[in-house]
Every structure is written in structure tokens, then in C-alpha cells.
Amino acid sequence: MRKKNRNIIEGQGITYNYLHYDEDGKVDSAQLALDHVDLDVEAGQFIAILGHNGSGKSTLAKQINALLLPGEGTLYVDGNDTRDESKLWEIRQCAGMVFQNPDNQIIASVVEEDVGFGPENMGVPTKQIWERAERALRAVDMWKYRGSSPNRLSGGQKQRVAIAGVIAMLPKCIVLDEPTAMLDPGGRKEVIETVRELNRKEGITVILITHYMEEVIHADRVIVMDSAKVVMTGTPREIFSQVEKLRELRLGVPQVTELAWELKKAGLPLPDGILTIEEFTKALDRVRGRSGAEA
Amino acid sequence: MLKDITLGQYYPGTSIIHRLDPRVKLVGTLVFIISLFAFGSISAYIVATAVLVIVIRISEVPPKFMLKGLRAIFVLMLITALFNLFLTPGTVLVRFWKLTITQEGLRMAIHMAFRLSYLIIGSSVMTLTTTPNQLTDGLETGLRGLKKIHFPVHEVAMMMSIALRFIPILMDETDKIIRAQEARGADFDSGGIIKKAKALVPLLVPLFVAAFRRANDLAMAMEARGYHGGEGRTKMKPLVYKTRDYVSYLLFVLYLIVMFLTRKYIKIDFPL
Amino acid sequence: MPIRIEHLSYIYGEGTSFEKKALDDISLEIGDGEFIGLIGHTGSGKSTLIQHLNGLNKASSGRILVDGEDIRSEGYSLKKLRGKVGLVFQYPEYQLFEAEVLKDVCFGPHNQGLSDEEVLARAKEALAAVGLDESYYEKSPFDLSGGQKRRVAIAGILAMKPKVLVLDEPTAGMDPKGRDEILALLKELHESQNITVILVSHSMEDVAGCVSRIIVLDEGKILYDDAPSGVFRHARELEKVGLAAPQMTYVMQALLKDGWDVNADASTVPQARDEILRVLNKG
């Protein structure tokens, strides 16, 4: 249905510094947040970015939406250079963004009005705004809350409204910057399931930034960042096979992966990078079968 | 206490009052308030009360909720009433110690109490049934003419609507900060003015820090969603007058006529 | 210093359209030196409950006894209570306000009316206890990382020398290592300072590794109050109220279903590892 061969995001050598100014307005110190980062994302993929607090992953996310611009290097979003000011609104429409704190990104006092905010900014005719808002709210399963006040919703519901607000702009790509960090397990599940469904059904490219290892096991590709650089990239299985390296990077692995790794260390012949409970029990059953045969 | 302030809050609903054009509600509130000051008599208050009761009924907002707004300004009302009661010169009614109550004072106090509480309830009806966005839309369209003299109508309206949206959130936050500092033994209640002012520092610093962070986050979220001022923006809910809106304007005129007629023919004034 | 909660109910926004029973007939006993996990989804009443322990909320009915004294009885000083039960709020940003870390930590003990030397001594002791050395004393709390801010916030309460330390979701929004570090800190404080710790969280993984008792709240009522293994047995019920058992519980239950002769009570990775190895070696 969709072309899988084109890169929707192409970044090369992206470098970015946060500058601190002294009282005279001169640059006092610079803090390197992105250090020659390359980022290629194929249209329709589900990409997860991991990294501890302060590793540069949020800065990278803001580059994709042109909220921040590369100091060095280039970043193309759907063929548009993010530094080209005339393409700014096209880029923001193409790559929508969802932030961590649901309260700080919902602008309107009624759910449907908030979903309409993006299309309004784009100058979409009124009738189409309503069609888009309905479609977006149905896609995140929040249609029945369209008339509610955001203050009355749970954290997970608020984040789904925020996602609908982005979808209503008909983006090709959504960047989510730790959308589940402030939610309870129920809310986290709601949001992640919504995002996965948008990726599968609507073919929207997803870039998910998170601390929760369990949320990335379904990604097509995982990118790990540390001190402003991309330090690992690969499939979830490839990444989570390297338990020790992840620990060094202040990250973890899903608990079941850690268990398999611990058992392997204790001498059991288990494969690396087990990601789900099902994989684990199957692998362990094979171990038992073998030891049973030996006995 | 903070939760008692209903002014500026929206009570979701689908009543006909909710669906009225915000411009109609703005004009209606204005007409109502002016009428309170222009026609001050028992008969006028009876008519105003009747109208208010009917409107609240139709709006389906629980009356309890409306009255809560009054509680928040009760002290203000009391002070105003007392000032009027004791400081208006005129025919002495009662005298005790150094205080005198005059006929005129009593009358003024009663008037002010009525006017202030009706003013609050009247505006509450508007804010409770109108989303802040619609309200500012109403103002924006209503004040469109000012754009010609370079008054930033859209920007001011946007600022207002955001402020209204964040009032409950900031109040909630203030409440939490107060509790967090009370848990550390902070005392916001006792001591003189200077001590009290000093005691506010542990509340105000975190509140400002949080508010600035929110503002920053929000600005970024708005930009990310393509906000770039009022230029080239379309509206999801453009203001279009419907029949019910024209009928409402008609009712306002009718209301004023009734007020005039009662004053002329069946005026009941205070028996003082 | 035991705490006893008797038939505590709290109605939020009484007499308004938002009226809601936030706590519904809660009875609990918390003994000296316990390490308790208080779990519930957002809005389950857990934050409301801990604010009662600190005298910040006034119960609609029922009472709370600290050291055998009713904290709402006449003449009971809330100041005294706050020296006994310390409450750390979820976001350190809600309490940090001074320009320097040390000064901020002094705020609590200063409010207790202690002498300046005593205040300073306690503040330094508390900062040492959370692992922040002298180099942090004069830093601005606003320049610190999220994890360090949390440490300063915890020190601010520890300096008041409470016997019971209550923490509202101290690991929210932190990266995995940061979470582990804060939890390790709490474990250490519990052991070295001999204080009771009540950890409020919605993460079962977080609490499984450190607490000896878990209280699950739902809709203002106590759903479970048991040892972790006892609570995690109800994985399905926990999911129904927006929670989940730790992943290890699911692993062990899956093995059990596959015909493994394991004890499904293991809820942390080391426990699960040891249990699986035990069964395999036996076979």
C-alpha cells in the first residue's frame, strides 16, 4: 500500500549546541547536545530512541520538527531542508510532535477545539477541520470525549487527545518525546497501543522517545543515544542482546531479557536478546527438553 | 478556598444557553449588568431575579455551582456593604457608640449587595456556559474594528483564552505547593504583615518557576502545531448568527422594555 | 512509632458538583521500621491518604493515631506531627525555592524552631545521607539534574528527623538508572537510619525489589494489604484497576502453566533466576 523505499527523514552530521550567554550577551559557554548525529528513517517505520536523561534525545526530536535547527550538518524532512524558512510550516505539518507533559500541550478548553487547533493554524476550511477532528478523535478512540474539558481526563486520555491534535494535521510522521513518562501503567498501555495502531493502520512513521524498555520491543529499529552521540542502532533484539553495554549507558533491558541473560550467565544455553515472555518460556522449555534427554 | 472561584470556569453542557453565539452572551451580560444599575428598585430586582432564575434553569448548570462564586467574593461584598451602611450621610436611623446608620446608607448597602451578587452570578452564567475559546472568539470578532488602529486583537484574545485555560491548573498547582511547604513546617497564616509576606517566598518561587516552565512548554507545543499568529488562520467554530441568536437579541430588548414599564407603572421601591 | 488509621473517610469537594469519595473507610496499622509500598492508579486516593498522615487533609470521618495520639485532637500540634511524619511530594520543583541547596534543606528544621547551629548540623547530615557532599552546598537547586533535585527534596524532609518517611512517586519521569539509584537510596535510609518508609508508586517493578508489604488502593478503598507475593498472585485483578504485576510474576505464571514445578511467588529478576535454577538442578 505504501512505498517503503523512501527515507522520510534524512539527517547527516547534525550538531547542536545549547549556548549560555553572559551578562554582556556574549556566548559564555556552549553545551554540546548533538554531536554529528546521522539519522535516516524510512517512511512507515516505527523507530524508538533510548537514552538516559540529558543524552540529547529530546534535542534530536525537536530538530525533526524544526523547533531547533542544526548548527552543523543537514536535516531533511520529507525532502525539505529544516533550515529553509519557507518550508517551515510544511515541515511542522509533516512531522507532528507530542510532548511529555499532557497539561502543557493542550491549548483549548474543550477536547474537539484542541484537536482543531493545528488545522486552524494551517488555514484548513471549517468543514474540513470538523471532518479531520472527527477522524483523528476516532482514530485515538476519544470521540465520545469530544465535548469534555481536558482537565477532567486521565493522563492517558490527555495524551491521546494530544496525539489526535497532531493527526488532524495529517502528518506523515509523529515524534513522541517521552509521552508516557508521567502516566501510570494503564495510561502507558493506552498510549503505546494507540501509537502502534496508527503506525500499522495509517502507515504513519513513528519516532518514539522513551525510558521504558518494554515499550520499544515492537519497534522496527532502536537508536540508543549517549552524551550527544548515537552509540547503538539496530533491531530491538540486537540492542537488547547487549545487556552490559546498556547498563553502562544508564539504561536497562526489559526484565524478561535480563532474566534470560542472568540464566545464560549461570550456564543455561539460552539465546541472546529474548524480548517477550513467550520467547522466554519456549527457549526455557527447549533447555529442559535437552537436559531431560541427557538425563 | 481557591476552588471556590467559579468565575472563568466552564461547565460543559449542551443547553441552548451553551449553544448561543458568544457575542449574544456578551451583549446579554452587559445589558443585564447595566439594567441592574439603571433600574434600582424592588420591582426591577424581582424582574432581574426572575430572568436570572429562568436563564440558570435553561442552562442546566446546577445553581449551587453558580452561588459558589459568590462565596469567594463574600468578604468584598461585606466590606462594601458595611462602608455604605455606616458612611453614607443622611437621615439617621440608628445610632450606637460612634456609628450611625442612615436610611440612605441602609438603602445603598442593600442596593450594592444586590448589584454585586447579581453581577457575579450574571457573569458566571456567561463564563460557565461559554468555553474560554468561544468567549475570546466573541471578543475577537466583536472588537475586530480595533485592528484598524493596530490593536493586536487576535493576540490579546489568544492570551486571554490561554490564561483562562490555565487558571484551574495553576490553582491546583498552588494548592500542591502550599501543601508541600506546609509539610516542611511552613506557616502561611500567623504573624504580622511582614512575616506573612516573607512566608510567601517559599510559595511564590516554585509557583513562578513552574509557571515559566509551563509557558515555555506551551509556546513550543503551539509552534510545533503550526501556530504563527492570527494571519491566515481559519476557524473551527466560526461565529455565525442563528435564529436563536436573533431571538435572544429580541428578548434583550423585551427585557429592557419590561424594565422600563415596571419602573413607569408598577414601581415598588424600598419602604424607606 | 506506630501509626493507626481507623475508619478513615474523606469526601472531596463536599457539597459541590464534584463531590467524590476519595477515601472510603480505610483502616490500617503501620508498625515501626516497616517498608511499605502504597500502590494505586492515578486518582485511586493514595496521594490523599498520605496527606492525611501529615495533617494536610482533614478527614471527613474516622481518625489517625500516631504514637497512640489522635492527630486531630485538640491541642495536638501539627508542628510536632510534621517532625514525626515527613512527606516528600512528587515533584521536587514544588518545594525547592532557595538559591542554595544547603539553605533550602535548612528550611524545614528552621521552621521547627531549632537553634541555628542545630539547623545547620541537621541539614548537613541530611545532605550526606542522600549522598550529596559539600560541593553541592552552594549550588542552585534549579541547576541540578532531576535525580539530584529529588535528593535535595528528600534531604529537606530528612533534616526534620522524621520517624516515618512518606514519598509520593519519587521515581516518576526518571531514567532506569536514576530510578534504581533513588530506590537504593531509600533502602539504605531505611536500614541505616532505622526509619519507616512508605513508598507511593504505580510501578510494581519499583516496589517489588524493596518493600516487605504492599497496600493496593482502588477507588479510595483498600483492595489488598499483604506481602508482595500475596498481592502479585492477583495479577489479573490488578490489571482491572489499571495496574499490573511485575513482569517476573507473569514469567513465573507462564512457566507454571507450561508444567514447570516453580514457586510462582518470585517477583524480582534475582528471585526468578534462583527459582528457575533450583528447579532445573533438581530435575
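Order of writing sets the labels: A, B and C. Residues in every chain begin at 1.
We adopt the following convention: a residue touches a chain if its C-beta (ideal position, glycine included) is under 8 Å from a C-beta of that chain, and two chains touch if they have at least 3 such contacts.
Quick caveat, the model's predicted, so the values are computed rather than measured.
**Student:** Could you tell me which chains are in contact with chain A and with chain B alike?
**Tutor:** Looking at chain B and chain A together, the chains touching each of them are C.
**Student:** Considering B-C alongside A-C, which chain pair is linked by more C-beta pairs in contact?
**Tutor:** A-C is joined by more C-beta pairs in contact.
**Student:** Report the inter-centroid distance (CA atoms only) between chain A and chain B in whole Å.
**Tutor:** 43
**Student:** What is the distance, in whole Å, between the centres of chain A and chain C, each centre taken as the mean of its C-alpha atoms?
**Tutor:** The answer is 30 Å.
**Student:** Could you work out how far the Cα centre of chain B sits from that of chain C, in whole Å?
**Tutor:** 41
**Student:** Which residue numbers or ranges of chain B touch two or more of the other chains?
**Tutor:** Chain B, residues with two or more chain partners: 213.
**Student:** Considering only the defined contacts, which chain C positions touch chain B in the complex?
**Tutor:** 13, 15-17, 51, 54, 56, 79, 82, 86-87, 89, 93-97, 107-108, 111-112, 142, 156-157, 160
**Student:** Across the complex, what residues on chain C touch chain A?
**Tutor:** Listed in rising order, the residues are 41-43, 145-147, 172-178, 180, 202-205, 242-244, 246-248, 250-251, 254-255, 258, 260, 269-270, 272-273, 276-277, 280, 283.
**Student:** Where on chain B does chain A make contact in their complex?
**Tutor:** Of all residues in chain B, those touching chain A are 10, 12, 14, 131-133, 161-162, 164-165, 168-169, 213-214, 217-218, 220-228, 232-238.
**Student:** Applying the document's contact rule, which stretches of chain A touch chain B when the two form their complex?
**Tutor:** 62, 65, 67, 89, 92-93, 96-97, 99, 101, 103-110, 112-113, 116-126, 129-130, 133, 147-149, 151, 165-166, 169
**Student:** Per the contact definition, I'd like the list of chain B residues that touch chain C in the complex.
**Tutor:** 3, 11, 62, 64-65, 68, 173, 176-177, 179-187, 201-202, 205-206, 209-210, 213
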